[in-house]
Structures are given as C-alpha cells and as structure tokens.
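Each chain carries a letter (A, B, C and D) given by its place in the written order, and its residues are counted from 1.
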Amino acid sequence: MAGNTTGKMFAVTTFGSSHGRALGAVVDGCPAGLELSKEDIQLELDKRRPGSSHLTTPRAEKDQLEILSGVFKGRTDGTPIAAVVYNKDADSSAYENLKNKPRPGHGDYCWISRYGHYDYRGGGRGSGRNTIGHVIGGSIAKKLLDKLSIKVVAHVTQVGNVKGRTVNLNLIEEYSEKNPIRCADPQAALKMEKAILDAKSKGDSLGGVVEIIAQGVPAGLGEPVFEKLDGDLSRALMNIGSVKGVEIGFGFKVAEYTASAINDEFYMEGDEVKTTTNTSGGILGGMSSGMPIIMRMAVKPTPSISMVQKTVNLDKKEETEIEIKGRHDPCICPRMVPVAESAVAMVLTDHLIRSGYIHPTRLKTI
Amino acid sequence: MAGNTTGKMFAVTTFGSSHGRALGAVVDGCPAGLELSKEDIQLELDKRRPGSSHLTTPRAEKDQLEILSGVFKGRTDGTPIAAVVYNKDADSSAYENLKNKPRPGHGDYCWISRYGHYDYRGGGRGSGRNTIGHVIGGSIAKKLLDKLSIKVVAHVTQVGNVKGRTVNLNLIEEYSEKNPIRCADPQAALKMEKAILDAKSKGDSLGGVVEIIAQGVPAGLGEPVFEKLDGDLSRALMNIGSVKGVEIGFGFKVAEYTASAINDEFYMEGDEVKTTTNTSGGILGGMSSGMPIIMRMAVKPTPSISMVQKTVNLDKKEETEIEIKGRHDPCICPRMVPVAESAVAMVLTDHLIRSGYIHPTRLKTI
Amino acid sequence: MAGNTTGKMFAVTTFGSSHGRALGAVVDGCPAGLELSKEDIQLELDKRRPGSSHLTTPRAEKDQLEILSGVFKGRTDGTPIAAVVYNKDADSSAYENLKNKPRPGHGDYCWISRYGHYDYRGGGRGSGRNTIGHVIGGSIAKKLLDKLSIKVVAHVTQVGNVKGRTVNLNLIEEYSEKNPIRCADPQAALKMEKAILDAKSKGDSLGGVVEIIAQGVPAGLGEPVFEKLDGDLSRALMNIGSVKGVEIGFGFKVAEYTASAINDEFYMEGDEVKTTTNTSGGILGGMSSGMPIIMRMAVKPTPSISMVQKTVNLDKKEETEIEIKGRHDPCICPRMVPVAESAVAMVLTDHLIRSGYIHPTRLKTI
Amino acid sequence: MAGNTTGKMFAVTTFGSSHGRALGAVVDGCPAGLELSKEDIQLELDKRRPGSSHLTTPRAEKDQLEILSGVFKGRTDGTPIAAVVYNKDADSSAYENLKNKPRPGHGDYCWISRYGHYDYRGGGRGSGRNTIGHVIGGSIAKKLLDKLSIKVVAHVTQVGNVKGRTVNLNLIEEYSEKNPIRCADPQAALKMEKAILDAKSKGDSLGGVVEIIAQGVPAGLGEPVFEKLDGDLSRALMNIGSVKGVEIGFGFKVAEYTASAINDEFYMEGDEVKTTTNTSGGILGGMSSGMPIIMRMAVKPTPSISMVQKTVNLDKKEETEIEIKGRHDPCICPRMVPVAESAVAMVLTDHLIRSGYIHPTRLKTI
C-alpha cells in the first residue's frame, strides 16, 4: 500500500510505465465464481487505447491483454487476478532531450523532486498509459456490479466552450456511443469535434468535463466519517490525472442557493423511497440515497503541445525552452470515459463488499 | 479502519455523536517531542464552536477539552494522544417526533438504511458536531506543519450570490480574521452578513464557497497513482459534510481553456524552481509542485430549515410532513473554516511523514 | 494505523499509559444492534485487574469503565464505541530514579531508542496496564462471537516447572475458573500457587504457558497468503507483551514426527466434516478447518524483580546497578487469561466480518 | 489488501498458482535509486526451486524471472516493481481424481469451504509454489537491508529427531551453505540427509525446525502495541505454510525459568549498549534491542505422502480413501530457508521505512 493500490476489500494494485516492458494490475478480493475471460477486459481496454479515432493520438498500441492468474475454468477462483499488457510501440527518441527539463503542466518536476531517479520517457508512470491498470480493475468491478444491476456510465458533457445539452439519464449510454467524442448530444458532438481538430491543427489542446452516472446503487453505501462514498469517489476521479475538479449533483452551484430551493424532499414510489429532486446527486450524509449518483470531473487540456514553452534546466539551474515533439492527444476527454467508469466502478465494488452487498469470498446467486 | 480513521502514518480516529456522552479523537503516529498543551487544541476548537457569533446557532456548548494520554511533561511521547470533549448542552426534545421521518437534505435516510438502529438525536454522528474530532487532529497536525514553516489558511470566498474579491495570498489570514464571516474582503463580508441574517429571518439558509491555501509545502509530496496529494485532499474536503464539490487551482475553469493558455511555465527564482502562473493550484501530476496549493470547496446551504417540508414515514411507508424546530445555523461556511484547515492539515502531515519530511517517531530539531 | 490499531473491519485502537490520565479504546466497525452495556465490559476488566488475588500485584485499581459513544438505548449504533478507564492508584515515586536506567527484561531501552522523550513511569505505555484496551475490544468481540455460538477460553497450563494434565476441552472453562491460577487441573493449580508464592518471597518471578481454545469457528476463515488466520492469531498473541513463543496444535512437536503419524484424516459425522485427530490445532492451509482451534503462548517471567540488577546509565554511558521497588506480579499468567481471550476474540471477529459471517453494518437475527 | 499483500510502506502483493499461467509479485514502496537486476532476484529464486538436489521434489521448473516494471537503467525508479515467473513443468494429471477429496494435512478442505470454486491442481494457490512471490519481495528487501549492513540468515537446526549443535552466529551462513540440508552442523547434516532419504523411501515425510537470525538491526524498531516487530515477524513466519510454531530467543523455554535467571542485563561495549545474555532473542517490549534477533519456526512434515489415507468425498458426503501420486518433497525444511529469510527481510524493510531508517522515496547515500 505505498500509493499504487486502491480499495480495501476489492484491492487493485497497478504497475507499469509508458515505455517500460509491460503494464498491468493485480486485483485482490474478487469473490470466486465470477465468469471472467480476457475478452471481458479487452473490450474495455479497446475503448481507452490510443489510435482509436482521428481525434486521438496516433500511437498504435494494440494493448493485447493476458491473464496470468486468478481464473480457473472460466471463473474467478478468489485468488489474485493478475493481468498484463506488453508495450510494443514505444518511441523513446522524443524524450532524451527533455530529460532534465520539466514539461510545463506535466508532473515531471514533481516526479524528479520525489524520486530523483525517474523514468522520464513518455511521462513514465505518470503517463496516462498507466490507466490500463485502472481499466483492468474497472472491467472486473463492472462485472460484479452487473450482478447487482448497477450501471456506471460516463460521457463527455463539455469540450472547450462547447457544452452538450442535458439528456435523459437512460439515453446517455446509447447516444454517447454513437460518436467518437462520446457526447450524448449529437449536435454538440459535431461542434466539439470541430473544436478539437482546430486545436490539433494549431498544435494546441482543449480541456472539458466528463460526467459519470451510477444507477441502481442501494441506499446506505459509504462509511462515515472518513470513508464516505462521495469522498472515495472524489478521490478516485481526482486521482485520474489531468483532473482539477470534482462535483456531485448540483456541485458548485449549491453555493448560490437556499436550502428551501434545493433540499430534496422524500416521497414514496410504491414501496421505494425516492426524492422528488436530486440536487444532492444521489449522496446524502456522504452515503448513497438510492437515487442516481451523478458526478462531474473537470479535465484540463493535455499539457503536451507542440508550441515552444519556457522551462528550466534542472542540472544547470537555469532557464531554457523546449519543444515537445512526438504524438499527443489534442483532447483526452473521450478516452477518459472508460477510465472514469473504471475508477467509479472500483470504488463502488469495494464499498459494496465492505457493506455486505457482495459476498467477499464467493459469488452467491442473486 | 472501519471508516472513522483518516491517515496511514498520522492516523486520526474520531468518535462521538451530537447528543451522546462525549466526542473526541485518538491521534496515533505523532512523533515524540512536540510541545503540546490542551490550550493549543482548545484555541482551534473555540473557532469552530456554535454560539460564537450572532450569525451561528445559539447552542451554547463550551466544548472544554481534556487530554487523556500521549503527552508527558508538556511534550508528546509518541504514544496515541486521546482527547475528549463532554457534551453539556444537548437538547434532544426536538428530535423525538422526527425519529422515522428523514429530514430532507440530511443523511438520516442513509444512516437508517445502513445501520437500522441509529441515534437520530441532533443528527447523531452525522451531525457537524463530529468535526470536533477533526479539529483535535487538525490542531496537532498544524503544530507539526509549523515546524516545517508550512501554513494552512482557509477563508470564505462566497456566500449565496455574494462573491469576495481576490485578495493577496499573504493578507488573507489577517483580513479574514477581522470579521465573523471569515471573508478576506471586508465589503463582501458585510453583504454576506446581511444575506445570512436575511435568510435566518426567513428560517432558511445559504450555501457558499470556502477556499483553502497551503503555503510552504515542499515539491514532490503525494503518492501516485492512487494516493496522490490532490486525491487525498479532495477526499478530506468532500468528507467534511455539506460539501458537494472540490476544485484545485483553476478548477472547473480549466475545461474552457487551451493548454497554451494555462500551462504553468517554469523559471528560476534564485535557486528555487517556480512557475510564472499557478493555474494548477500547486499540484502537478498529483503531487505538490512547491507553489501555493489552492483549493476550493462548495458548501451547500444547511438543510435544517424551519419551513414545512415533505418527507416519508419509514415505518408506515407513507408520505408526511415535518417542521424542524431547534437551533440551526443559517450558514455554516464561517464555522467550516477551522474544519477545512484541519482536514487539509491532517492530510499534509500524513503525507509529510510518509515521504520522509517529518520523522515518524521523534521530532528532530529543524 | 500507526501501530495502535488491530483489525481491518473490526478495528480496535487503544490508548493510555500506566501513569497517565486514562486508558481506553475506540472500537470501530461493530455492527449496529448489538446489546451492550458497560457491565458487559466491566466483567471482563475485573478479571484482568491487579489486586484480585493474593498472588498478583497489590496495586488497588478499581478500573471503573465509562462508555463515551457508540451505544444508544442499550444497543450499538454502528458508530465508534469509545470507552475509558481513569487511572487512580498510580504511584510514580518508585520510577524517578530509574529514569535513564533501562530495566533488564523490559522494553525501556527500546522505548527510549525509538522515541527519545518517553513516559518511563510504571513502564508507560509498555506497561501491562495497556491491556485494558485489549479487554475493552475483546469483550465487545466476544459478544459478537456469542451470536455465532463461538466460544474462546484460555487457561494456564504451565507455571515454572509445573505442568497441568490435559483436561477435556469442554471442562476447561468450568475447572479453570475455580482457582486463582486459572488452571483446569486443580492439583497442578495448588503446586503452581506454591511455586508462585515461593518465587514472590524471594522477590523473583516465574513464567508459564497459557493455552487458548476457540470452538465453533466455521471452516474457511482466514485470508491466504499474508493474512491467514493462524498468522493473525500468532501476531495477536505475540504482541501481548512478555510472550516469547506461539504454537498451534502440536506446535513445535511436529518437527519430530512423520506425516503418516500426524496427518489429520477426514471423516463424516452426520453431515459435518471432521478430522479423527487434530494435530493441526484446527488450522489447515492457514485457515480454520472447523475443528477446535488450539494455541499456546509462552509467557516469560515478569522482568520486574526486587533483586539488584546490572544495567547502564544512558546519559553517562556507563554501567550501574538498579533495584526495582514498587509492586510487581510474581507471575502474570493468570491475568494473561482474559487478555489472551480478548486478543483471539478480536482477530476472529475481524475475520468473521471480512469473510461474510457477521454483517458489517447491522446485526441480523441468527 | 485482501490478504495477498504484506507490508504497509514496503508492500509486496503476490499472485499465482501452482498450475496457473504464471506466478509473481508487485513490490510497491521500494525507494528509487537502488541497483537492481533480474539476476539479483534469480539468485534467490534458484535457492528455493524444486529439483535442486536429490533430496527435494524432482519437478524440474527452471523458474526464469522477468522484470516488467519499476527498474530503469539498472536502478529502481520508485514505481511498483512487477516480476513474473511463467509455469512450464506443471503436471495436472495427478490431481483430477482428487478434486473433491481433501488431502489430509493440506488446506484443500479450507479452500473449498471458503471459495467454493477453487483451483485444486497441485494445491492451487495454497501450494508452496506461491513462495516464489515471497522470494521476489524478499530479494529486493535484502538489497535494501544490505545498505544498512543488516544481515538475515536462516538455517535448518532440526529434522525429525536429529538436532544440530549450536554454532557461532557468524559461522552459520558459511557452514550451512556447504550441504543441501542447509544445516550449519555438518555431522548433523549427514544424519538429517539419511533420515530424509529413509522417509522418502517409505513414501513418508519429515518435519523440522528452521532458525532465522537477523544481525545489525538498530534498536527501537517495531510499533507497540499492535504492530510490534516480534508480532509482525511471527505472523510472517507462521504464514509461510506448514509452520505450526514460532518462538524468539529462549522461546518456550522461558516458561521454566525465573526472571533472575534469564533477564538480560545491560552493559556498555565502548559507546554501544548491549546485553550480557540474549535470552530475549533481540526483542524487548516488542521492539528490537540492537542484539541479534533469533527466531525459530517449527515446520510440519509435508502432508503429501504416497500412503493410502482416509478422507471424505465432499460431493457425496461420504468417507473414502485417496493415494496421492505425483512428485513430493520428503522434507521441505531446506527449501524453507530462502523463504524464511525473505519473510523476515520484508518485515524488517517495511519497519525500517516506517521508522525512518530507510528513506521512503529515494535511497540516500549511506
């Protein structure tokens, strides 16, 4: 547990760097009996990989997954599930001359400060490529959530100044899958595409907002006071890299309202307790209320741009300039979608096991 | 570690409910040799307690602290520091008739769903009163941060629709302490006060935004990829209760910009590495960059208002109405200031010990 | 989690020193709905306290317990249960002249090496008095074990050279409660008493062996490969203080046998799977097998004796002598019985929650 | 952290089963800058593998290691070090007919009870083969210990009824490496060899005792009261599999002595504090005293023997018999030596980082 593990009962440890031998994850705590194949994980990995559309970086990694342990005769056996993806298309040449010159907006300077000796090629472990581990863990988590009919869907709601209109929760997954932006508003998707290609042509990049919705989560999930559900979800999203803000429900808008305007009142729908509004985004007192959990994360524009930028030479302690060559994403929001879903799925699964909704050692029939 | 402990090497476990016998905390992992008196903690507690101004709830708790262990001859001895505050002014009468009727906007429904048997009086452990534990842990953390000249200051930047102007970082503490709102912009403070009293007269409440600044944090603090500094700080703030959003630096604004506009470029200031801008809010790659860490949290309006609200009777599974009597805050933002400082201080201290900046067992001379 | 917490889902954090203000524990993770009164805990505390027989130290602490949180209307509410015992009869005079002279056999030298500033009075937190915290946690754990009909009983099987005969498992509790030694063999108990008084008259002390039996533990409890049940139980017992060895089933005797002689063969008893022998002591592959779990711990003689002993003066770095005055136990084995039961009960309870046998948030009817 | 991770700051997570695709480990928390090559780990792995002498099982696994991450230009970079060994020589045929018939003395019955769906081939993850992960973690730990001149050496002191004589601590490593038994007493080694071959010819197996010595450990290591050094070391050894007892220093012998006989008195050796005797085995108050740490573990005879044994058919719930074919060790004690060293090395390294002796992020020059 030195920073590379998430979860207490469903514990996912990831490893690997952008230009190292391989990346992967070890998932410990998945109950036995779950059907799991490498295709299940490969499917999710394919959504995140580069080169999947003209809008993303052309690095052509196939990212073929191999499961090393934890699965026996097509089902998990309760032991740690290790899975790896070997790096194939790493081009390290672009990084040699950046060795001691931290790229603005990236974590280079912090990695060097913390570790001294650091794999700077392609951002090392700080590279978005490490999210391969997130998705391995997240795809297994999603299969467990399926058993409880819990669905996690993320989509892009904003790119640069283009905002998508609000779409009915139950149409988001279907609509967002129809375009490479993964935006549920088709017209906004077109404008977003245009804005991204425009930034790409200038060697620049754009930021955006990704929204994540979890439906079907039972009420009472989360552990006050320091391991609440919203706290853990926020941490998981903020940890994704390039995320600079997280909000739930009305989020930052709550600052402008009175309680009488936004308190979600309760009512009965048959035997179920629901709220007439959901400004709290499905979380009350830090725990799930049973209403859809709705969160948004702010994604900053990819720092790697081809313009000349000012930085310092850490060896000589003097100012200098750099030009980042290589292949970079003009907007990472679409690729963040499966990663955000994975981050949320892993947290929910961990909490569901900790709170007695999923049996810790063997998957009982539901 | 069943939800009530924060931190791995500087571990603070809190306990206690609004109307129980006592509240407190056990702080485990504070190195030996730190001068510590109960006055140090009492000072911080006094900032958070109710009844401290005409703007807050009139519950008149003196909140007198007692240290039970971990301090010997005025210095910590490396063993767990337990401190308690006994409840004196609890008025439970207002809650009997709310027993099975979850108050809108509060966590009642979630507590009942999770635990079944639950102390509903005054919100039980879900009450903001549990932040007494935060402040005990936070005041000890602050003393350790002092040794490294690290300063954590929080202040109110927005209440309802009133926003304070940006104030120079180094004047914030001084200015915000001059008014009960704890806003560094004196004119905005006056408008905020007016808005709060206005809401109070209507039996309503207002939300707001609290900003927290940490200065002097060395670069490289934080543990990628799942225990990054921004992730842990976000979680700590989101966990405070009534918080619905957290952002760092430019926060949600990053979605609207290009990288060329907001990448923070590096330069040398003598021997020190700095950035010309700080849109990243002092965090890059999830780790501290050495620049001031600037975060903001959105605080929702206190759900307890005196207007009639719709809810359900959980026993009878039918709809009903409630009127919350008792004494409630029209705006909790001012009281959130010491709590937010504590939350951030505890996370920073934990990371500083984990990363070798503070010795884990004995405070060496600096 | 800086060393003073045991357990992951049933987490007990203890605090307090021999001569400080108070000692106690915070139990986090006990599901809601368990009937709990301070008498439940007081009962167990009374078994461990000094002055309870002519064979133990005459320090006359009443050790009156107070519950501060976590219990509402006679039942746990799922929030942390904090309980304290205030010190009354601490006589610090005997320790001033021992300040920088580590007592042989005690942890003084290690405490000083680790912390520098250290409460040396009465052994500080290293004193056996800290087991008050163990017993608070253990008594609550035992109530949960009761719900599953799991019984934990410890007894003294050896003192000095006197060994008790083997007694039928189901008679141990009854027989051992009949004498102050807590030995199930009455004749051996008499000899042990004589040996202890003899050592006491010489200002010396004796060691012994305490055996702990847990019956009714379901098969399959324990988490290979690093959190096995036998591993966690061994750690818990070895951590008690004065313990120098732990063994399970045949223990060290297994070294002398062949597998054909000691493999426990399986058979059916009705619908239940059992083993004809139980040399494995109820643990196979690190997990419970369903057979009684039988462990033994070796307790060294109390190091505090009144004879003159050689030590060093740490300030002057020169050799010196000391004479330990004050009130000391000639044999702590009888008082270790409730502590060993508590240690085992806490580990079992933690594992039972982690493995789905006890619901984590609310006690369901059995 | 669902049972397959050891350590808090030097966290080793292992994965893999006897007949699965691969086994390995992820080591998180090793500071950057340590020279590390796969040969370093391969060396230790070769000591544990089967087929390395006529006394062990003839399964001919080459166990070739591959490092997947965490090492850059020959030095660790602070990120997780993942290493794998692919299985080659797995013969699953011998296990099909044992599927629902738990082998006496093995963990099969417990694995089935816990997980239901379980990889029974070759003992699955319960197989001693999982210690490949221990040794990966242990060999990296040993390199860190080297930097502090801390040495961990294990050796066999007893096999069946043959006990080796006590050998001077500083000769143990040299002498024990001269024979395949790894016993420092050459004459006893010959008798042990004879006894093992004798048992082998009968299709039976023998147990024994392995002693582990750690020298150079600074005083004050260990975290009272629940994460003491002896507690964590005991757990690590007890977790190894086939271990039924652990003791430190005089171990179980302390029960027979008086304090006046065994208290270790302090004296000065130049500037160093030492004890004239070391019955405490280098641990006082649960922490290291600076004297050599001496522990022993009792290893039961390998349960897999070729004689017919009684067991049950779990499907039919009726009694039956089995004959275990395949290739099995007549005595695992020699192969336990590198595993025990690894277990101890990992615990020491974790504690050394937690207590400030090894920097957590970057290896500073010593």
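As a convention for this text, a contact is a pair of C-beta atoms (placed from the backbone, for glycine too) under 8 Å apart; a residue touches a chain by one contact, two chains touch by 3 or more.
As the structure is a prediction and not an experimental result, all values here were calculated from the model.
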Partner chains shared by subunit A and subunit D (touch criterion as defined above): B, C
Centroid comparison with subunit A (C-alpha atoms), farthest chain: C
Higher-contact pair (C-beta pairs counted), C-D versus A-C: C-D
Inter-chain centre distance, subunit B versus subunit C - centres from mean C-alpha coordinates, in Å: 38
Chain centre separation (subunit C, subunit D; CA means) in Å: 27
Inter-chain centre distance, subunit A versus subunit C - centres from mean C-alpha coordinates, in Å: 46
Residue list for subunit B, restricted to those that touch at least two other chains: 1-5, 8-9, 14, 79, 114-115, 125, 220, 224, 355, 360-361
Footprint of subunit A on subunit C - complex, ascending: 8-9, 79, 220, 224, 354-356, 359-361
List of subunit B residues in touch with subunit A within their complex: 1-6, 8, 14, 102, 104-115, 125-126, 130, 133, 158-161, 199, 202, 204-209, 218-228, 230-232, 234-236, 238-239, 241, 244-260, 262-268, 271, 273, 275-276, 280-281, 284-290, 298-305, 307, 309-312, 314, 317-319, 355
Footprint of subunit C on subunit B - complex, ascending: 1-5, 7-11, 13-17, 20-24, 26, 28-29, 31-33, 66-70, 72-73, 75-82, 84, 114-119, 124-125, 360-362
